[in-house]
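Next up: the structures, one after another.
Here subunit A shows up in two complexes: once beside subunit B, once beside subunit C.
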Partner chain A sequence: MDQVTSAPGTGDFAQAELTVPADVRYLVIIRRFIHEAAQVLGAATKSIDDLVQAADELATNAILHGYRGQLGWIEVAVRPAGGDLLVILRDQAPPFDPRLVPEPDLSLPLERRPVGGLGVYLSRILTDEIRYHALPAGGNEVILVKRGVRAAK
Partner chain B sequence: MEITTRDYKRSNVIRVTGRVDASTYSQLEEKLNEYIENGQAHLVLEMDGTEYLSSAGVRVLISAQKALKPRGGRLALSQPSARVRDVLDLAGLEVLFPIYDTTVAALASE
Partner chain C sequence: MTLRIQTLGDQVWTIAPRGRLDLPAARAMEDALNELCNAGRARVVVDLSEVDYMASAGLKALLTGLRRARLLNGDVRLAALHERVRDVFEMSGFDQVFRTFPTPDEAVQSFAECGP
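Coming up: the complex of A and B.
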């Protein structure tokens, strides 16, 4: 379900939204949606790729470790804010603040290197800021911020 | 995602095209495990057609390397696209995997 909302007179309240089932098969739709919306909003290609991957990693986490196979939804919104671009992810899974996940130790040798735990780390280093809110009615809202990626009007 | 393979005398090339994410990684994992279980130790993952690699794919690569190294083998990566190369670097994989600009170079180093 795609929806574009806008307030007259300013582009900064315009926001493209997508809701998909919490199922890894829809990750490709989430990535394409963010890619297309970010292009419409004039973001640079490298920044778009970074935001797409950061969102994919966190949506994957929500689907696999939040919902754990339960029926649910992932809401995605792409919003301009001046020269910045925001990707907002919402779910109704148990609370999970990605800012609290410890950084992996990338200096460990192969035999001691964990195979996983890189998704949240990648989402952090691919963006300039991650904001988190536990939603009052349950669920999570994560806002991925990429700064100075658009020619601001 | 599509996987094709080329088998040589001493090495096996696994070419992965398209997107490796949480919905497709298991196909790559199965193919790598198939070779590892068959006793093949020198594998080259050809990645010029790999458009996207998420941490789900990175996990598969690290697992394969962990399985191959104790038997004197290795998984080498060849021809990664700029995007994939960025992800490999950010995930700290450049120290765990030999990365070659061409598959020919990867094969020659075996």
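Coming up: the complex of A and C.
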């Protein structure tokens, strides 16, 4: 049998996509989808868990603080790029660049510790890079990057 | 997600969430912590032995519960954190805020030993 460089359907042109309503009850679907797609694309378990949580945090924010109860959609895509894995989140909520959220001060005492911003902070720690684009027609695109997590074929 | 609440000698209450603590599940846990505090039951152990995922919403729910419990001279103590959950606690600095124990029994016992 000839040696192949990557399994069919898992090369750089492979992309799995999901669209769900902007409703927190669908967060479980988003997490499962990313988990399954990342597994198909050969990502390591720890990296999958990190990407799943980072995406869960940012999708939660988009639903709660972006859409604020308005009807809308969250689009999720999982895409390979060489040894890297990308999770792309898109929404049509007002512009919000997660890279601009200040880091919470974790040294503050309990009484003064703010509870906001923690999700964005975790999503930064759990990924290698976060890219952001305001979509031309309105809405946001956030790309979560995890580097070198796909097994060499 | 399911949530089991039980008391041990009416002194210490245990909440045992099961599954993944995402936003909806965290809201249920926050409600449970609030109800205990409303009833003056402020010595609480959260048994995390069956929780394999903790979103920031879960951290916030625990912190809100902890603040209320301490105002009532109680505490919220955590037990049996999975490695993944422990990682999230450390990343967010919450390991400095909560007292954690290897088992629920040890967490319950800690209230008897040194209060509050």
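Rule of thumb we're sticking to: the second predicted complex is superposed on the first by the 141 of 153 C-alpha atoms of A that agree within 3 Å, B and C clash if a C-alpha of one lies under 4 Å from a C-alpha of the other, contacts with A are read in each partner's own complex, and residues count from 1 in each chain.
In the analysis below, contacts are C-beta pairs under 8 Å (C-beta built on N, C-alpha and C of every residue); 3 or more make two chains touch, one makes a residue touch a chain.
Treat the numbers as computed from the prediction; the structure is a model and nothing was measured.
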Fit or clash - subunit C, subunit B, common subunit A: clash
Touched partner set for A:Leu118, first subunit B, second subunit C, both or neither: both
Subunit B versus subunit C as contact partner of A:Leu110, first or second or both or neither: both
Contact residues of subunit A, present in both the subunit B and the subunit C interface: 24-25, 27-28, 31, 49, 53, 56-57, 60, 64, 106-107, 110-111, 113, 115, 118-119, 121-122, 125-126
Footprint of subunit A on subunit C - complex, ascending: 20, 22-24, 53, 55-57, 59-60, 63-64, 66-67, 70, 84, 88, 91-93, 96-97
Contact footprint of subunit A on subunit B as seen in their complex: 19, 21-23, 52, 54-56, 58-59, 62-63, 65-66, 69, 83, 87, 90-92, 96
Footprint of subunit B on subunit A - complex, ascending: 24-25, 27-28, 31, 49, 53, 56-57, 60, 63-64, 104, 106-107, 110-111, 113, 115-116, 118-119, 121-122, 125-126
Subunit A residues touching subunit C - in the complex, by the definition given at the top: 24-25, 27-28, 31, 49, 53, 56-57, 60, 64, 106-107, 110-111, 113, 115, 118-119, 121-122, 125-126
